[in-house]
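Attaching a single structure in structure tokens format; questions to follow.
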Amino acid sequence: MEAILNYGGLNISDEIDLKKTALIIVDPQNDFLSEEGVVWDLVGEGVKETKVVEHLVELKAAAKEAGIPVFYSPHYYSDEEFKSWSHLNPIDKLMFDRKMFRKGGWGADFHPKLKPDDNTIVLSPHKALSNFWTGDIGIQLRQRNVNTIILAGMSANLCVESHLRDAIESGFDVLVVKDATTGPGPEATQAAYTNYGLIASEVVTTDDVVERFKK
Amino acid sequence: MEAILNYGGLNISDEIDLKKTALIIVDPQNDFLSEEGVVWDLVGEGVKETKVVEHLVELKAAAKEAGIPVFYSPHYYSDEEFKSWSHLNPIDKLMFDRKMFRKGGWGADFHPKLKPDDNTIVLSPHKALSNFWTGDIGIQLRQRNVNTIILAGMSANLCVESHLRDAIESGFDVLVVKDATTGPGPEATQAAYTNYGLIASEVVTTDDVVERFKK
Amino acid sequence: MEAILNYGGLNISDEIDLKKTALIIVDPQNDFLSEEGVVWDLVGEGVKETKVVEHLVELKAAAKEAGIPVFYSPHYYSDEEFKSWSHLNPIDKLMFDRKMFRKGGWGADFHPKLKPDDNTIVLSPHKALSNFWTGDIGIQLRQRNVNTIILAGMSANLCVESHLRDAIESGFDVLVVKDATTGPGPEATQAAYTNYGLIASEVVTTDDVVERFKK
Amino acid sequence: MEAILNYGGLNISDEIDLKKTALIIVDPQNDFLSEEGVVWDLVGEGVKETKVVEHLVELKAAAKEAGIPVFYSPHYYSDEEFKSWSHLNPIDKLMFDRKMFRKGGWGADFHPKLKPDDNTIVLSPHKALSNFWTGDIGIQLRQRNVNTIILAGMSANLCVESHLRDAIESGFDVLVVKDATTGPGPEATQAAYTNYGLIASEVVTTDDVVERFKK
């Protein structure tokens, strides 16, 4: 097993063209990142231990400094959707029962330290796990000649991992920032890490990215 | 964590309409399922312990008996692709180094106990992890009025999980057969199980499915 | 040629299940449908002659009366997009030069007679021609068990036709309402009609649909 | 109308990077291009008058000479599909009634003057009108760093136009070669030309492309 998990050992950071790179932050919203968020009981410990908010703040600032655009891929549901969707899987059911990401509500709003600024492009929301299926991420990146994605945000094994998988299918290079994400519990985070090691072009840390952005 | 992993507790097996159901088997090919396959060192132990081949044979026979179509989603690469693809992630790199799923070769052929029969529809191959991005699975299912997928095959956290995620994004109900798949090592299998519990409409066993198909 | 244009002669209206049907209206916005809209010089004559607004109003009312959901697929651009998109085709160039569908502006707003009501679901905007690529139409329809689309709106050979083509690729049955759409000039409208005859499951009129919805 | 049809006046040929360019030929198969093909009665006159075969042969040779890869996007149906697909639109119905593109048959084979050579990559077949929905075109192009497509083949307003629309949605620049395609009759060809003028990055001729490839 070790064999395959260490197989890649890819290191593409130094080769990437920063002019064709974007930082994508998935779901930087209160319901995930604030103590009053509706799933804080599930992700809060990981968010604090991994310093997810602090790392996202660092990444966002470093990207801006380097002239690299930041894209937010948010997650919203309307009351009408809470009422009428009829094919919920377990994670949908959890979100729907708790009215997570309720459009217009506080929980769906961006974390106070992660408000969009003039370097932030807010994508159309994703409605299941990936913006590549239900949002505008593909065209927005291609129209700006992006071919490399730095990926971070919430949660590790669900929306972030789905964005990763679809970005790879779409032909992007993807570097996942492992200390700028976490899952709903250690087992979920570990699942994400295992899969990142196989699927991401490279797995990096916030420090790696900040360092790279300075060059 | 337990909270969320057991959250769903969905049980949709009894409600599914067998006339609108299909069995999808991902990558039932020698390189994964036969002892001479090029990644047997990585998956072999799991394949044997979980009895993946035996369970796939059972599922396939039960589906045929019940008049439920079986779709194979295979994985092929040509020599030209081995040579010219330029954005390999670690799992691609592993496959390419080992010339896995080499089109026309023995490794890409279906396992001897899982040869297609008159109830099997072989889809166009997927080229990264999911047939929904690079094959014809969507139209083939919709043209036959399928809305529920029973999903099995190889490997658990890579192609099977990507098929699962994309099927959910496409609006299908998906039941994953957890003992008819395995990953490259216990950690990878565990990652898949963790994610199935959150994303699949229901996680089932071969026995569950065979039983259900009899009704 | 006549041969192929009349080939289909499909007539599926009577077979459709109204419980699984939705009305999709593409771009019912001022820039297309109001006299002050930025492309009224190109589409205005067609909109008036074909009575597009009147027919859309009729269709919307009939759908509501019949309990059939109405989905709006709008088109928006932000100032940031006007500035940063770098791969414009001619139709993009036209829209960008005229600041068409400028988000938050009057031109992007819905026509006064076509304001959303409690039977209207407004989809995420499409960013090129089709919501299937850049919006959430697929999941929104599947989550509500829709398998048949009644398609209308603007403009005939551009966004409406792209929605038609992608809906067919996605496995929906699609009835296009030919007198509830028009193109930028008679040649464009004729192009759309020619293609609808080959690609749509059935080409219908507003009267056909209203009649059918009463059953 | 003239206004909009001539609006673009885009001329990107001279700016394209030939190292990132591919020639895509849609459906260069006997059923379309040979006198015994099953729809020769519908397209034959256009194929002869426009010299579609001759132009495709020229384009293919010029691409090879210039080191530009040629991708074929073929169209196949199996007997099982002819039997089991249940949502046919008029063009499907025509193809299915005539057993067009029957897999393994002569009609589905490539035209004798357009056999694949060592510079040709044959994509997985498309199953409705576009390879972007049911084949592997996206990943194959991105893995080879292609961002500009020269598009030609059959038929003008159906598969070629759908490839065009989806390529644009996917963020490619697309130059359509108007004299290396034709539709099922003059009205269909005209519909395609009208739409190309609005949607393609540029509309070019075989001579334009051959000239450009020499630079």
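Labels for the chains are A, B, C and D, by order of writing; each one numbers its residues from 1.
Note that a residue touches a chain if its C-beta (ideal position, glycine included) is under 8 Å from a C-beta of that chain, and two chains touch if they have at least 3 such contacts.
Worth saying up front: this structure is predicted, and the values here are computed from it rather than measured.
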| item | value |
| --- | --- |
| Chain pair with more C-beta contacts, B-C versus C-D | C-D |
| Option in B-D, C-D or A-D whose residue-number contact pairs overlap A-B by over half | C-D |
| Identity of the chain that, by mean CA position, is farthest from chain A | D |
| Centre distance in Å when chain B and chain C are each reduced to the mean of their C-alpha atoms | 37 |
| Centre distance in Å when chain A and chain C are each reduced to the mean of their C-alpha atoms | 33 |
| Distance from the mean Cα position of chain D to that of chain C, given in whole angstrom | 26 |
| For chain A, residues contacting two or more additional chains | 87, 128, 133-134, 138-139, 142-143, 169-171 |
| Chain C partner contacts - residues on chain A that touch it in the complex | 80-81, 84-87, 121, 124-125, 127-128, 133-136, 138-140, 142-145 |
| Contacting residues of chain D [partner chain A, same complex] | 138-139, 141-143, 169-172 |
| In the complex with chain D, residue positions of chain C that touch it | 1, 3-5, 7-10, 41-42, 87, 89-91, 93-94, 128-130, 133-134, 157-158, 161-162, 165-166, 168-171, 173-174, 184-188, 190-192, 194-195, 197-201 |
